[in-house]
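Presented below are the structures under discussion, each in the form of C-alpha cells.
Okay, so chain A shows up in both of these, paired with chain B first and chain C after.
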Partner chain A sequence: MPAIRFLLKKWFYVLLLVLAMALPFLITNRYYFQIVIMGCLFSITTLSLNLILGYTGQASLAHAGFFGIGSYGVALMTKSGISFWLALPLSALFAALIGFLIGLPTLRTRGSYFAIATLCFGVIVSIVAGSWIEFTGGYTGLVGVPHPTPLPLPLIGVIGFETQTAQYYLVLAFLLLTLLVMHRLVYSHLGLSFMAIRNNEALAEAVGVNTFAGKILSFVVANFFAGLAGGIYASLVGSISPSTASIDLTFSWLVYLLLGGAATLAGPIIGAFVIPVIMEYLQFLQEYRLIIFGALLIAVIIYFPRGLMGGFSTLQQRVREFYGQRRGVKHAVRS
Partner chain B sequence: MALFLQQVFNGIMLGSTYAIVALGLTLVFGILHIPNFAHGHLYMLGAYIGFFLMTLYGFGFWTALIASMIILALVGMLVERIVYRPLQNRPVINSFISAVGALMILETGVIVLWGPQGRRIPNPYPGIVDLLGITMTWQRLLVILVAIVLIILLQIFIKKTTVGTTIEAVAQNREGAMLVGINVNWVFSLTFAISTATAAAAACLVAPIFMISPTMGALLGMKAFVIVILGGLGSIPGAILGGYILGLLEAIGGGYLSAAYKDVYAFGALILILSIRPTGLFGREVS
Partner chain C sequence: MLLEVKNLSKHFAGLAALHRISLQIREGEILAIVGPNGAGKSVLFNLINGMLRPTSGQIHFLGEDIAGLKPHLIAHKGIARTFQTTALFDQLRVMDNLAIGYRLRNTHGFWSTIFHSRDWKEDRARTTANVMETLDFIGLAEKAFHPVSSLSQAEQKRLSIGVALISQPKIILLDEPTGGLILEDTDEITDLIKKIYKVAEITICLIEHKMRMVMDLAHRIIVLNFGSMIAEGSPEEISKNPEVIEAYLGAEYLA
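== the complex of A and B ==
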C-alpha cells in the first residue's frame, strides 16, 4: 500500500500534524492558547519573509508594511459588510499588487540599498496609516472588526469562528497552506533559481536565470502571504492600529527567522513558536526583551548564521561522522 | 514672503544637522561599505550623554558637547569591534542584520535606563534676533555656524592630513593599503570614532531646540541613509548638499503642504529616484 508506506516514511510529520490537530484538547488555558494562535499566524509571516530573505537573499524590511496593508484591507472591507472570505483574498492580492509596484523600482537595487528602500516603504505605510484619519482612523486605529463570516460547508454544516478552537483551526489551515506553497516553490526549478540569485546574482544571470523576474516573483509571493496573515490578524483580534505595520514587528520576525534558521522550512516555524514561548517564561525580563533579541541577533549572525536548524543539522552531521569513524575503527579491528 | 524666509531659515538649520549626520554616515557606509544602521541611534545616545553631563554633572554646554563627542567616539569604536568586524568578509546583508541587533539594544537600553519620556536640555543661548522679518534664536544660528565649521574641519582632516588620507587609501584598495603598511583595522576604528563623534556633536547642538527621546534617532538614521544614497556613496559634497536639500524640502513641504506627512517626502523621494537611477543620483555601481 503506497499510502501506508508514505505514512511510515513520514511518521514524524504525521505525528506533528496529529499533535497540531489535537492541541485544542491539550491546552485548556485561554491565554496560552492565544499565544499558540499568534505563533501560527507569525509562522506564516516568518515563512514568507524567509522566501524573500532566506531563499532569495533580498533583505525586505517592509514585511510589516504589507502585513499592515492586508490587515487594513480586511478591516475596512469587512466593516463595510463584505464577506471575510472575499475580503481576505482581495486584501492579500492588493498587498501583492503593491509589492509588485514597489518591487519594480526597489529590486533593481542591491544589498543594503534594497533593505533601506524597503524600510522606507515600511515607514511610509505606518505614517500613512497614522495620518490618513478619515480612512484609517489615525493613531487610534480601527476597532470592532467582525470575526470571520461563518462558512457553510457541504456535509459538515455551517462553521462559525467565534470560539478560540475554531479560530485556531482556521489559522492552522492557512499555515498548512502557506507551508505547502512554500514547499512546492522552494523545491522547484523556480526555488533553485531563487537560491542561485541569493548565492551569486551575476553568475545566475550569466547562466540564463532571469534574476529580476525571479526577485519580483519571490517578493510578490512573500507579500501576498504577509497580507494574508495581516487580514487574518485583523479579523481575529478585532482591532488594528498603525502599530500593526510597525518596523518593530518586522524586526521580531527577523529575529524569529534568523534564530530558527533562514533558508529552511522548519526554521521559521520553530522560531515563531519557541521565542514567544521562551519570552512568556521570562516575563520578568519583559522590558529587556528587545535588548536580549538584539544581542541574540548579533551573536547568531556572527557565530551561527544558519540558526537553530543549521546548528541542529551540523550536530547531526558530527554525530554521524563520529559513529562512522567508530564503525570504521571496528571494521579495522575485525579485519 | 516672511513665512517663506522663515521656512528657509528653519530648513537650513534642519539641513545643517542632516548634513553633519550624513557626513559621518558616508564615511562609514560610503567609504568602508559598512551599513551602520545604528548610526541614528548612536546620535540619540550622544544627545542623552550630553543631557546628563549638563543636568547631573553641571557641565557647561561646550564642555558637555566635547565630552559627549569623546565618549561617543569610544562607543563607536566598540560597536565596530563587536558588531561589524567579525562580519568583515561576509555578505553585506549579514552586517545589516547585525546592525538591526545593535539598534534594538541601543534604543531599548536607553528606554530601560532613562525612561521613554522626552526630555529637554536647558537652552544655553535663548536670545532672539529679528532679521528681514524672520525670528531666529541664537541657538539655531549657532547650529548653522558650528555645522559649517565642523564640515570644513572634517574636510581638511580627510584631504590634508596623513591619517585622513589613510581612510581614503583603505576605501580605494584594502590590500594595497595593507601592503604599504597601513593598519586597516585601526583605520576602521578611527573612521567609526569620527563618524559617531560628529553624530554626537549634531545631537548635542540641536538638543536644546528639540526634545530628546529614545526614538529620536530611528527616523534621522534612515534619513541619513537616504541622503547618502541619493548624494552618491562615499561622496562628501553629495552628503553635505543632500543634507541641506532634504532640510529645505522638509521645512518648506511641512510648512506649505502637510506637516503630518513631512517624513514621507524623503522616503518617497528615495523610492522614486531609485526607480529612475538604481545607484542613486550621483552613485557608482556597487557590488
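== the complex of A and C ==
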C-alpha cells in the first residue's frame, strides 16, 4: 500500500502535522496561543525571506516594507467593504508587483549595495505610511480592520474567523501553502538555479542561467508571500500602523532566519517559533536581552553559518560518515 | 565556419588587452590558443562568451553576430566554456552541478514547477538521464551525491568540463583544463578531451600552457602575444616558428 509506505517514510512530518492540528486543544492560555499564531505568521515571512536571501543569496532588507504593503492593502480594501478573500490575493499580488518594479533597478546591484537599496525602500514604505495621512491614517494608523470574511465551504458549512482557534487554522493553512510552494521551488531545477546564482553568478550565467530573471522571480515570489502574511496580520490583529512596515520587523525575521538556518526549510519555522519564546522568557532582562542575541548571532554566523538546522545536518552527516567509515573498514577486513 | 572573430579589440582604460584579432574556428577541429601570461587568451574567451563586451570588432557564431550578447544567451546558442580557476557550484553536490549545466535544455518554468506539470516531469526525467550519462562520461559516477568540496583537484577539473559538456554545446572553450595538475592527471584530462572530440563530436578550443599536451591534441594552433596574434598553423609549423620561440623563450634561444 503506497499510503502506508508514505506514512512510514514520513512519519515524523505526519506526526508534526497532527500535532499542529491538535494544538488548539493542547494550549488553553489565550496569550500563549496568540504567540503561536504570530509564530505561524512570522514563519511565512521568514520562509519567504529565506527564498531571496537564503537560497538566492540576495540580502533583501525590504521584507517588512512588502509585509506593510500587504497589510495596508487588506486594511484599506476590507474597511471599504471588499471581501477579505478578494482583498488578500489582490494585496499580495500588489506587493509582488511593487517587488517586481523595485527589483528591476535594485537587483542590478550586488551584495551590500542591494542590501542598502532595499533597506532604503523599506524605510520609504514606512515613512509613506506615516505621512500620507488621508490614505493611511498617518502615524496613528488604521484601526477597526474587520476580521476575515466568513468563508462558506462545501460540506463543512460557513466558517467564521472570530475565534482564536479559527484564526489559528487560517494561519496554519497559509503556512502550509507557503511551505508547499517553497518545497516545490527549492527541490526543483528552478530552485537549483537560484542556488547557482547564490553560489557563483558568473558560472551560472555561463551555463545559460538568466541570473537577472532568476533573481527577479525569487524576489517577486518572496514579496508575494510577505504581502500575503501582512494582509493576514492586518485582518487578525485589527489595527496597523507604520511600525507594521518598520525595519525592526525585517531584522527580527533576519535573526529568526540566520539562527534557525538559512537555506533550509525547517530553519525559518524553528527560528520564528523558538526565538520569540526565548525572548518571552528573557523579558526580565529588558533591553539587555538584545545583547545576548547579538552575541548569539555572531557565534552562530561564525560557527554554524547555516544556523541551527545547518549545524544539525552537518552533525548528522558526520555521524553518517563515521558509521560509513566503520562499515567500510569492516568490509575491507572481511574481503 | 563555426565561429569567426573579425578585428576584435578589447581595451581596458586605454590599454589594449586584445588588438584587432581575427581568427576562425572550424567545425570539428581542436584549436589551441597559446601564448605567455597576459597575452589576452582569457580575455578572448570572455569576449566570445559574453562576459566582456568588445571595444570593437565582431564575433560571428554560425553566421550570427553575437558580440555583446549576455552570457546566458550565448550559452543557449551552443557555446560552453570552463574557467581558468576551476569554477564550480561548490556549495552543491556533484549531480546538482551537472543538473544546472543541463538546465538550458529544459523548457519548463515557474508554474510547471509549482504544479509538477507533465513538462516538469519530462524535463526532470531527461535531466536525470543526462546527468547519469555525463557522470559516466567524465568518470565521476560514484561521486554523484558527494559535495563538490570533497573532490580532488583533478576531479573538480573533470566535473567543470562535464558541466560545460552536458548542455550539448556546439563548441566548448576550455580555459587551461589542466592548469595546476600533476602529469598523470594531465594525461587523464587529455584523454577526456579526446573522448569529447571523438565520441561527443564537439568542436574544442582550448587555452593551454603545456606544449607537449597541445602538440598531442591540437589540429591547429594560434599564438597570442601582448594582445596580438603572432602565428597560426599546424603544430609542426608553430614549433618551428622563430617569432613563437622568441615570445616563449626569449630571443637568445633563437640561435
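Note that the second predicted complex is superposed on the first by the 319 of 335 C-alpha atoms of A that agree within 3 Å, B and C clash if a C-alpha of one lies under 4 Å from a C-alpha of the other, contacts with A are read in each partner's own complex, and residues count from 1 in each chain.
Keep this in mind: contacts are C-beta pairs under 8 Å (C-beta built on N, C-alpha and C of every residue); 3 or more make two chains touch, one makes a residue touch a chain.
Keep in mind that what you see is a predicted model, and the values were worked out from it rather than measured.
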Which chain makes contact with more of the residues of chain A, chain B or else chain C?
-> B
Once the structures are superposed on A, label A:Val209 by its partner contacts, choosing first (chain B), second (chain C), both or neither.
-> second
Could you tell me if A:Glu287 is touching chain B, chain C, both of them or neither one (first, second, both, neither)?
-> first
For A:Leu119, decide between first (touching chain B), second (touching chain C), both and neither.
-> first
Name the contact category of A:Leu217: first (chain B only), second (chain C only), both, or neither.
-> second
Mind working out whether A:Ser188 is in touch with chain B, chain C, both or neither, as first, second, both or neither?
-> second
Now for A:Phe251: first (chain B), second (chain C), both, or neither, which partner does it touch?
-> first
So, does A:Ile102 touch the first partner chain B, the second partner chain C, both, or neither?
-> first
Using the touch rule from the top, collect the residues of chain A that touch chain C in their complex.
-> 181, 184-185, 188-193, 195-196, 198-200, 202-211, 217, 221
Chain A partner contacts - residues on chain B that touch it in the complex | 29, 35, 82-83, 86-87, 90-94, 96-98, 100-105, 107-109, 111-112, 218-219, 222, 225-226, 229, 258, 260-261, 263-264, 266-268, 270-272, 274-275, 278-280, 286-287
Given the complex, residues on chain C that touch chain A span 49-51, 70-72, 75-76, 80-81, 83, 87-92, 96, 99-101, 103-104, 106, 108-110, 113-114, 116, 120, 123-124, 127, 163-164, 167
Would you pull the chain A residues touching chain B in the complex into a rising list?
-> 53, 57, 59, 102, 104-106, 108-113, 115-117, 119-121, 123-124, 127-128, 130-131, 247, 251, 254, 258, 287-291, 293-298, 301-302, 305
